[in-house]
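Here chain A shows up in two complexes: once beside chain B, once beside chain C.
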Partner chain A sequence: MERLLRIDRRIIFIFVAIAVTLPLLIRFNLPVTATKDVKSIYNKINSLPEGSHVLISFDYDPASKEELQPMAVALLHHCFKNNIKVIGMTLNPGGSGLADSAITEAGKEYSRKYKEDYVFLGYKTGTELVMINMGENIFSAFPKDFYGNATVDLPVLKGVQSLQDMDYVIDLASGSSIEAWIAFGKEKYNFDFGGGCTAVIGPDMYPFLQSKQLTGLMSGLKGAAEYEILINRKSTAVAGMSPQSVVHVLVALFVIFGNVLYFMTGRKK
Partner chain B sequence: MNNKTDVSVTTWILVAFSIVNIYFLATGKLGFDAKGFGIITAVALTLAMYSFLYKDNPVFKIAENLFVGVAMGYWIIITWFNILKPDVFETLIVPLFKDTGSAPQYAVIIPTLLGIFMLLRFSNRLSWLSRWSFAFVVGLGAGITIPNFIHAFILKQLSFNPLITASIPESINNFLILLGVVSVLIYFFFSMEHKGIIGGVSKIGVWFLMIAFGASFGFTVMARMSLLIGRIQFLLRDWLGLIQ
Partner chain C sequence: MNFFKRTIPLTIAFIMGVIMTFQYYVPHEASQSLLKVVTRWGITIAGFAVFIGVYSLFHLHWNKIKRKVPGWGYSTFVFFGAGITIIFGLYNGGEFFLNDKQEGTMFDWMYFNVQIPAGATMFSILAFFMASAAYRTFRARTSEATILLVAAVIVMLGRVPVGALIWEYLPPLADWIMSVPNMAAKRGILIGVSIGAIATSLRIIFGIERAYLGGGD
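For the complex of A and B:
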């Protein structure tokens, strides 16, 4: 019994590696159903007329790519499919490359044109100050886009002067940017706001759903998978759900196993 | 295992990794181009990082230091091209020496100087100047943050949904939220001894806290596993070509 409590942690790592790898190799699909919070974002985008403006803030870096990039790609596909104009930006210096590639690749798939159907404004430092600046005048916050084009001349931004003119704003966050967007954006300038975040910060976001400061929330890879199901475009997030489920069962078994051993040995002393 | 064994294990792994990649390049499974070599580099770094799970080793250290260096270099480039060049160099410095058709924006001097003052922390003689910058940042930050945070995170959260609604699950949910908030607040109220009713309610608060910690732990496991799944998907799909 004591030996089991001192089990080499590398054995657990091997179990986890197998639990992740096997479901990817032996394909089996577990049902993924969209939750109310993810559906809210989907329904909001669906309700927007063609030519509406959606601002997506890609506030994450490669460390959170596995969770948030599938979310971003799914959102972009939905927007481009519905002929919605996408305005991308990032408040994370490591986010520009990921955001640019996601927008460009999704745009190409639907033959959307840069400057006319979508634009990437790039990175701007200052987080809260950028939001306040955008709330007053978007062209003052971003005089030039990621490629150095003057934003005032861009057809995609026609009809947009500030955050209030956005039909929907979505923040994909690996940090505390959703809170910042709520405090300095949504509450100050009053626009519809949805969020996507890593699973780690997911539980902290639920109070904002309750208070309706967030219209919807995608949390972690599961949130991305739900969105992929809703837009009927299964990709990496849905593929990741089988290993996710298997490894969760494994972790739960390990927790039970550890507790049983603890009660059988530790409690006796 | 001793050092000699470690070196020989590492050498054999590197040899095996090289042979596999040469085979992939020779058979065309990986392109002999930037993308192909990019995948090999990413695979090498991924395996190097995960080698830490076995034990700390020089390959992991190399990858770790490389990451820090590349991240810093990338961050400097982004800062130059997104902040310093457009906001300082092109608006203030260039128009001073060249006719660009627009006048130099002298207002930029103030934030630039405050930024430079922050770096003077490294100077014993001039470090006092950095206090001006910090005073500005703290004052501005507090001024902007406090009213917005009070409005968005306290007043808005205080507005509560009606306890009894047409939907029974929603009513139960609202009741649980009210009970959770009150009981947890009472648990952290230390001016009264936790006995009797106060003790009972604070115990309910402990249960709510435990459930919240459990939910946080579950979500954290999900996040970490998502990262692992992403990396293994990359290895199996982009490198080994075993999955689509």
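For the complex of A and C:
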């Protein structure tokens, strides 16, 4: 038993590798039910009339792509399907490529036109300062879009002067940008705000959900999978639920097994 | 020199801090224009932080190479990776950096085929270390640790689809843990951090907190 407690960690790694790869090879479906926090975002977008403006801030980089990119893609599909104008931006220097590819690919699928139906404003440094500046005047914060077009001339931004003119703002975050958007954006300029974040950040967002500062929240790959179910477009997030479930069960079993051995060996320290 | 290194920065911090505090409560057009100008200045100044970051990174790794510290070979990859990325970024698909960003450049290729897979790989390694740590260190040594352990197992299973198949009450139980005890604890921390941030801001505005100026003291 002592030996089992001091097991080589590489053996544990092998178990994890098997737990991840096996569900990908032997496909099985698990029931994904949408939670009320994810439904809130879905319902909010559904309630917007055609031609409404939704701002999506892609505040993540490649390290968090596996969790947040499926969220972004699902959101974009929902917006484009409902004929909603999408304004993309990022406050993370590593996020511009991911954001641009997600918007462009989803836009193409619904034959939406760049500059008319959607725009990607690109990256701007200064996080909170950018939010405040956008709250005063969006063209001041982003005089040009990602491709160098003057934003003031873009048809997609017609009727939009500042954050207050956005019908909905969503932040997809791998860091603390949701808190910043609430403190410096939503509270100051008063707009409806929803969030998507990595599973690690999820628990930090609950005070904002209860205070209604966040209208909804997608947390981790599970949140993305729930959104995919809601829009009836199963993709990478739903596919990722099987390996994630198996790994979670494995980790729980490791914890239980480790503790059983711990008590059986009579080690109290 | 003390005048330039201490007095001027402290005076600027005090004047701007006081002005921007009052600005928040003045909904006049002039006040809004000031906010717009100041935040644009802030964005411009923040851009220069990139140069400081790059200098700091290169300086750190150059010293590692010079002193041949263990693992110095990895530091050469910092220069190799940064060098190639900067060159292709400036080259901009033959249009060079003064023109707008081009599509399908070598810079894009490196982003999608090197940075994204490398970032995803680094993140995925976490699963292996977390599983190992859960088995080897997560022990019910005290009553507090036992509560934490039980809550962790419930949340871990209740937050994935398989949880409902194991026991139908697992997902609602996990949701309750997240939206009641977790939320209360997080809110407490948040209030504490916010009060701390306000106190630190006041200390900076009134020149009591000077660590941001550097050089000790």
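Couple of notes before you dig in:
In this section, the second predicted complex is superposed on the first by the 265 of 269 C-alpha atoms of A that agree within 3 Å, B and C clash if a C-alpha of one lies under 4 Å from a C-alpha of the other, contacts with A are read in each partner's own complex, and residues count from 1 in each chain.
The working rule: a contact is a pair of C-beta atoms (placed from the backbone, for glycine too) under 8 Å apart; a residue touches a chain by one contact, two chains touch by 3 or more.
The model shown is predicted, which means the values in this text are computed figures rather than measured ones.
Looking at the shared chain after the overlay, A:Ser140 reaches chain C, while chain B stays out of its contact range. Using the contact criterion defined above for the overlaid structures, shared-chain residue A:Ile7 touches chain C, although it does not reach chain B.
In the superposition on chain A, A:Tyr262 makes contact with chain C only, while chain B stays out of contact range. Contacts of A:Pro155 after superposition: neither chain B nor chain C is touched. Of the two partner chains placed around the shared chain by superposition, chain C is the only one that A:Phe15 touches, whereas chain B remains out of contact. Of the two partner chains placed by superposition, chain B and chain C are both touched by A:Ile132.
Greater residue coverage of chain A by touch, when chain B is weighed against chain C, goes to C. Residue contacts after overlaying the shared chain place A:Val249 against chain C, while chain B stays out of touching range.
Contact with both chain B and chain C is seen for A:Lys222 once the two complexes are overlaid on the shared chain. Within the superposed three-chain model, A:Thr33 lies in touch with chain C and out of touch with chain B [touch as defined at top].
In the superposition on the C-alpha atoms of chain A, the part of chain A touched by chain B in one complex and by chain C in the other spans residues 13, 16-17, 20, 65-66, 94, 124-125, 129, 132, 199, 202-203, 207, 210, 220, 222, 244, 247-248, 251.
By the touch criterion stated above, chain A contacts chain B in their complex at residues 10, 13, 16-17, 20-21, 24-25, 65-67, 93-94, 96, 122-125, 128-129, 132, 143-144, 179, 182-184, 186-188, 198-200, 202-203, 207, 210-211, 213, 219-222, 236, 239-240, 243-244, 247-248, 251. Residues 5, 7, 9, 12-13, 15-17, 20, 30-33, 35, 61-66, 94, 97-98, 101, 124-126, 129-130, 132-133, 136-137, 140-141, 146-148, 199, 202-204, 206-207, 209-210, 220, 222, 225, 241, 244-252, 254-259, 262-263, 268-269 of chain A touch chain C in their complex.
Listed in rising order, the residues of chain B touching chain A in the complex are 53-54, 71, 74-75, 78-79, 82-83, 86, 144-145, 148-149, 151-153, 156-157, 159, 161, 177, 212, 215-216, 219-223, 225-233, 236, 242-243.
Considering their complex, residues 32, 35-36, 39-40, 42-43, 46-47, 49-50, 99-101, 108, 111-112, 115-116, 118-120, 122-124, 127-128, 130-132, 134-136, 138-141, 149, 152-153, 156-157, 159-166, 171, 175, 178-179, 182-183, 186-187, 190 of chain C touch chain A.
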